[in-house]
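Paired with subunit B in one complex and with subunit C in the other, subunit A is shared by the two complexes that follow.
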Partner chain A sequence: MSRFKDTVIAGIVLLLGRGRRTREPRIVPPGRPDRGAENILLVLFACSTICAGGAIAVYALDRIGNQTQYLGLSLGLAFAFLAAAFVVIGKRLVVTEELDEPYPPEGHPGVQAQLDELVEESGERFTRKRLVTMAGAGAIGTLGLALVAPAVSLGPAFDLRSFAQTPWRRGRLLVGEDGLPLKADDIEENDFYGAYAAHADRDQIGSPLVLVRLPVSQLQLPSGREHWAPEGILAYSRICTHAGCAINLYRKPLYPPAEPRPALVCPCHYSTFDPATGGTVLFGPAGRPLPQLPLEIARDGTLRAAGNFSGPVGPSWAGVRDRKASS
Partner chain B sequence: MKRFFLFAALVLAPPAAASSPGVVHARTGAALYAANCAKCHGPTGEGLKAPSLRGVGERAADFYLRTGAMPIARPGEQPEPSRVLFSQRELRQLIRFVGSLGKGPPVPKPQPAKGNLAEGMRLFTDHCAGCHQVAAEGGFVTGARVPPLEGVPAVRIAEAVRVGPYLMPMFSPRAISNAQLDSIVRYVLTTGHPDDRGGWGIGELGPVPEGMVTWFIAIVALVATCMAIGKRFGR
Partner chain C sequence: MIRRTVRYLDARTASAPLLKKTLRYAFPDHWSFLLGEVALYSFVVLIGTGIYLTFFFEDSTAPTHYHGPYQALDGTEMSRAYRSVLDISFSVKAGLLMRQTHHWAADVFIAAIVLHLMRVFFTGAFRKPRELTYYLGVTMLILALLEGYLGYSLADDLLSGMGLVIGYSVALSLPFVGANFAALIWGAPFPGSASFWPRMYIAHVLILPVLIGTLLAVHLALVAARHHTQFNESQKQSERRVIGMPMFPAYVPRTLGLLFAVTAVLFLLGGLVQINPVWLWGPYHVGASTNGAQPDWYLGWLIGALRLVPGFDVVIGHYTVIPGPFWGGALFPMIVFGALYLWPYLEKRVTGDHAFHNLLQRPRDNPWRTALGCALVTWVTLVFVAGSADRVAVYVGLSYVGQIWFYRVFVWIGPVIAFLVAKRVCEELVAGERVAKIRRAAERQTEASLGIEPPGT
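Up next is the complex of A and B:
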């Protein structure tokens, strides 16, 4: 019981004694609250928040015209309003005073307390501290969100199945860059050709192909792929298995006995693939072969897929080798 | 920027490429061929340690000899544009002689004035920019250097497209028609003298050097402005 009494008395003493702290002399001169400036500050924070939110909206609404300009405008305005808000704080709301002598060196006893007091007294003119803090945090937070929002476009974070899907299945027609069906006779040796799946989204990662024709005698395709290259016409996924760039270089020797062998090369990091041996890596950072698409020549001479890719298309990530291309 | 790439090319080039063989001068095409070419290409152009020249025509000979890519020190080396060591008269004789080794295509006559610049850029982007870069500045492919195309005359460009020298693909008139070739040539000639709207092309290499300019010039200007503002309003 006496323990309870002691606690109550101690509490009362603490409560009463709290306000009786002897006040040290002020460091920062007192200033009058400025509600007008505070209102301007709140409006500026709100404008900055709206502009930053607008940037996120512009980024999310992909189809509007002049998107880049609107993005730049909204982000720029968000920063400008924020800067204006800081100017208002600095000029009209925080009591400023120039020190005659430099700050005392850190670690000096009492310095931390002095700095705390400085900060506290500087903020004395704010009448609605919590509101201002929340508005400021809202503006800066929304701006931060606007800056990291584009990361969403890096790709699906959890559902990776769409990467394994391709438009290819048996009988699917190949079309050239111009959208017209590709015929076997169009494919000449010493040149290389881009192709897509007919009636399919060209942006799909499994759609673009690169086609080359090699002499049948030079082919050394892996077992099971003997009939994948009719007349020596080979089709590979155009997307490099390293970082997903487009295979855009065809290394074609003019005089094979003395020159490097034919190769499909990615211009980004020079991954070099051998079309004669099923897309195996000759050089570069790619870790797995270029997926090959089996071809067949239809009666009318057009090129058609004879199945799906030999492996997963697109850039590599953890576990990609275990996946299979699906239609 | 050009200097830098020249330097990079020199550093990366294997030492063999640096040694250019001298040529033997002679009065007739046959004598020039026998002294300078026959060792690798064979006395009658049948090809011993190098491609056969029968049927390549004056087109290929004109390209390799007038760019200085031939002769090379040993077969298998990359034939690269270099100083032409033959005289103009010797070049004419030798080209005519190689053309007479077998029936082959003549020297093409591109007409870039008839080409369409926009179509040329589209075709160049599709077929050539992978190696030569969209600004025709050249680059690398594994196993070879890709020459820049600045200052290359129209006829050489047309020849290269049709011949496909070294590791470059060969484009037949079915893949790239003569009219399309005119457009490509016109585009390549334009890349030599681009009208830089901003006043400075910065190597025509795209966003990386442009970003560096932003950092080294714009940031310095911004910091200087900030410091000036600080001085002006500090008190």
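Up next is the complex of A and C:
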């Protein structure tokens, strides 16, 4: 009973107080409802829902062609409608107020001084600050080095012999892209051939070769390489000495007005090498000639290496010229 | 409902005042302020699509054979990594959409960062007290470039291998320590040891994203700590007072709209516009390459630089100290990023301006900075364009060698021209405004002396 009475009194008080009570200031300024915008919003949400549902349907239906396209289209449109919906909310359905507030102060000089003091006072019991600091830094620094040292396990950082290793040595058979031995008669002028070391990992940077045949009269190989190109067949490392891409272009003019010299070209940065002169650079960013592999023709007509390359294969590193290609 | 949630959270975290402050944080309004948000939302899409891809990708170069719906590669020997990317593209439902959206998002992410950086640079937003925010931003750009490079390298298709061997050659070209450094990263001479792929993978999906995410959080916290900069568009905006709409309710729907719009564009691109069709190139082998290969756009400046620099190794006696790829592949980006890092300090040093700045400058307000910035942008852009000289040679027929020689000269002249033009334009714009102001004042004076009421009063 008393509960009922309380409720009635509270209700009366509320009713009486309604008109007179002073309202607390609002946070967000009032704005007028906008039924039109709300309708647009509802349509946009509906469109987004339909598109998202469509995406699920496209995903579930296996027999639909161009699934990737329809899936991207439906998901994209679902997001696009959602984006439009939120732009409508932002531009027309919530109040856009202008806040005007101070930037944070440039600094807090009082607190800065206190921090200074704090550190100063905390260290008062140390009498040999420099010595302690240096000893501490030494301990932590050495420990840091000890923690970093195992990074050396990541690779053979101090043993660079493997960088100049190739699978080539005297007598090693050349095989073509198909894995079959290459014969001297297979190599024709005006064309170029890829080759690899037989019975060795093709994905070793020292393995791939590029072969061309030039008229013997055109050859101007460096001294000491007189017998490296039997019948005018020349073998070079296929890996560009600039940035390691595989040589993929052979410029061989068939008619006089074209470029004057045959050339091997790398497709990455267009380093251009002259096969007639021992792989010297004609143009482009390469800094070293293409390493040449000495060839010999076996009695059965197959092509074999007569030794290792004229220099280290592949892109250069500091000290590269001091190394010889090794087997 | 809201009240109960707030009460619950406040009782447990005592964060109601902070929440209130956050919701009433003021955002000054200008379209160019959205560029950073576009980058942020692209990053969100990258994380989402990237997580999906990790469920299917295999980080192994162990050889296997492809047997799947893509007939052209049926039976081809390839790495497990490449096969898993083919499976994502052809066998996993929605896999290709996610892969292409991920790739597009990476391209948009970096484009948005670059535009955001240009906005910050040309308006002087990096000035005191916001230098740290700027340094973090530049650092994130470097990390994003590396992250993108690792991303398309992981696929192990022909293009990714060609990109990797170029990266390897640049690492190898570092003075004195190049080979040692490359040996540590790759674990062996190229193509590297078996653990190289897992290393790239963990860097791409964990180390770099976490680094970028952490720096991003600090970047945003620093922005909020000092509040946004603003243009001086009305009388009210000043160095002391920030004018803008509150985070809630005005800004949240707008920025959600942008998030969904960015996502929409990326999914539409991912679904409708093909990008990096890895199945066309086939697997990578050390002895294989293809013509007309181009990297993702954000590495175009480096391939341009590698092509432009003439073959030049620094050799002392018989010892190669600095191999050629160092100039274009390492020194050039070091100079560009070095200039970006040093700029706030240099500007303070030269102008002696150590004051606090909350108001932005229009590019014309600082002709020297604008002109130097334009010169840097022109320099990098010309090198970037030089990277497409081979395509121009194929499609237009201009001699490749001739073009390279043109660019070798013009990359030095172009920036000077850009500098002079930009400086002049800035000065003319400012002078024009001054004239207009004087004329308005004079007109007002004349009207007043003749007793004519200005219209509209």
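Everything below uses one rule, namely that the second predicted complex is superposed on the first by the 168 of 327 C-alpha atoms of A that agree within 3 Å, B and C clash if a C-alpha of one lies under 4 Å from a C-alpha of the other, contacts with A are read in each partner's own complex, and residues count from 1 in each chain.
Here is the rule we go by: a residue touches a chain if its C-beta (ideal position, glycine included) is under 8 Å from a C-beta of that chain, and two chains touch if they have at least 3 such contacts.
What you are looking at is a predicted structure, and each value in this text was computed from that prediction instead of being measured.
By the touch criterion defined above, A:A151 lies against subunit C but remains apart from subunit B after alignment on the C-alpha atoms of chain A.
Contacts of A:E117 after superposition: neither subunit B nor subunit C is touched. In the superposed model, A:A84 lies in contact with subunit C only, and not with subunit B.
Of the two partner chains placed around the shared chain by superposition, neither subunit B nor subunit C is touched by A:D34.
Once the two complexes are overlaid on the shared chain, A:R251 sits against subunit B while remaining clear of subunit C.
Between subunit B and subunit C, C contacts the larger number of subunit A residues. Once the two complexes are overlaid on the shared chain, A:P260 sits against subunit B while remaining clear of subunit C. When the shared chain is aligned, subunit B comes close enough to touch A:N190, but subunit C does not.
Residue contacts after overlaying the shared chain place A:F283 against subunit B and subunit C alike. In the superposition on chain A, no contact is made by A:E296 with either subunit B or subunit C.
Overlaid on A, the two complexes show subunit B and subunit C touching the same residues of subunit A, namely 194, 248-249, 267, 270, 283-284. Residue ranges on subunit B touching subunit A, taken from their complex, read 49-51, 75-76, 126, 129-131, 139-144, 163-172, 174-175. Note for the complex: subunit A touches subunit B at residues 177, 186, 188, 190-192, 194, 248-255, 258-260, 263, 265, 267, 270, 272, 282-284. Contacts from subunit C toward subunit A in the complex involve residues 24, 26, 93-94, 96-97, 100-101, 129, 162, 165-166, 168-170, 172-191, 193, 225-227, 236, 239-246, 249-254, 256-261, 263-272, 285-293, 303, 306-313, 315, 318-325, 328-329, 356, 358, 390, 400-401, 404.
Contact residues of subunit A toward subunit C in the complex are 27-28, 59, 67-73, 75-80, 82-87, 89-91, 93-104, 106, 151-152, 154-158, 160, 162-163, 165, 194, 196, 202-205, 207-208, 238-239, 242-249, 266-271, 281, 283-288, 314-322.
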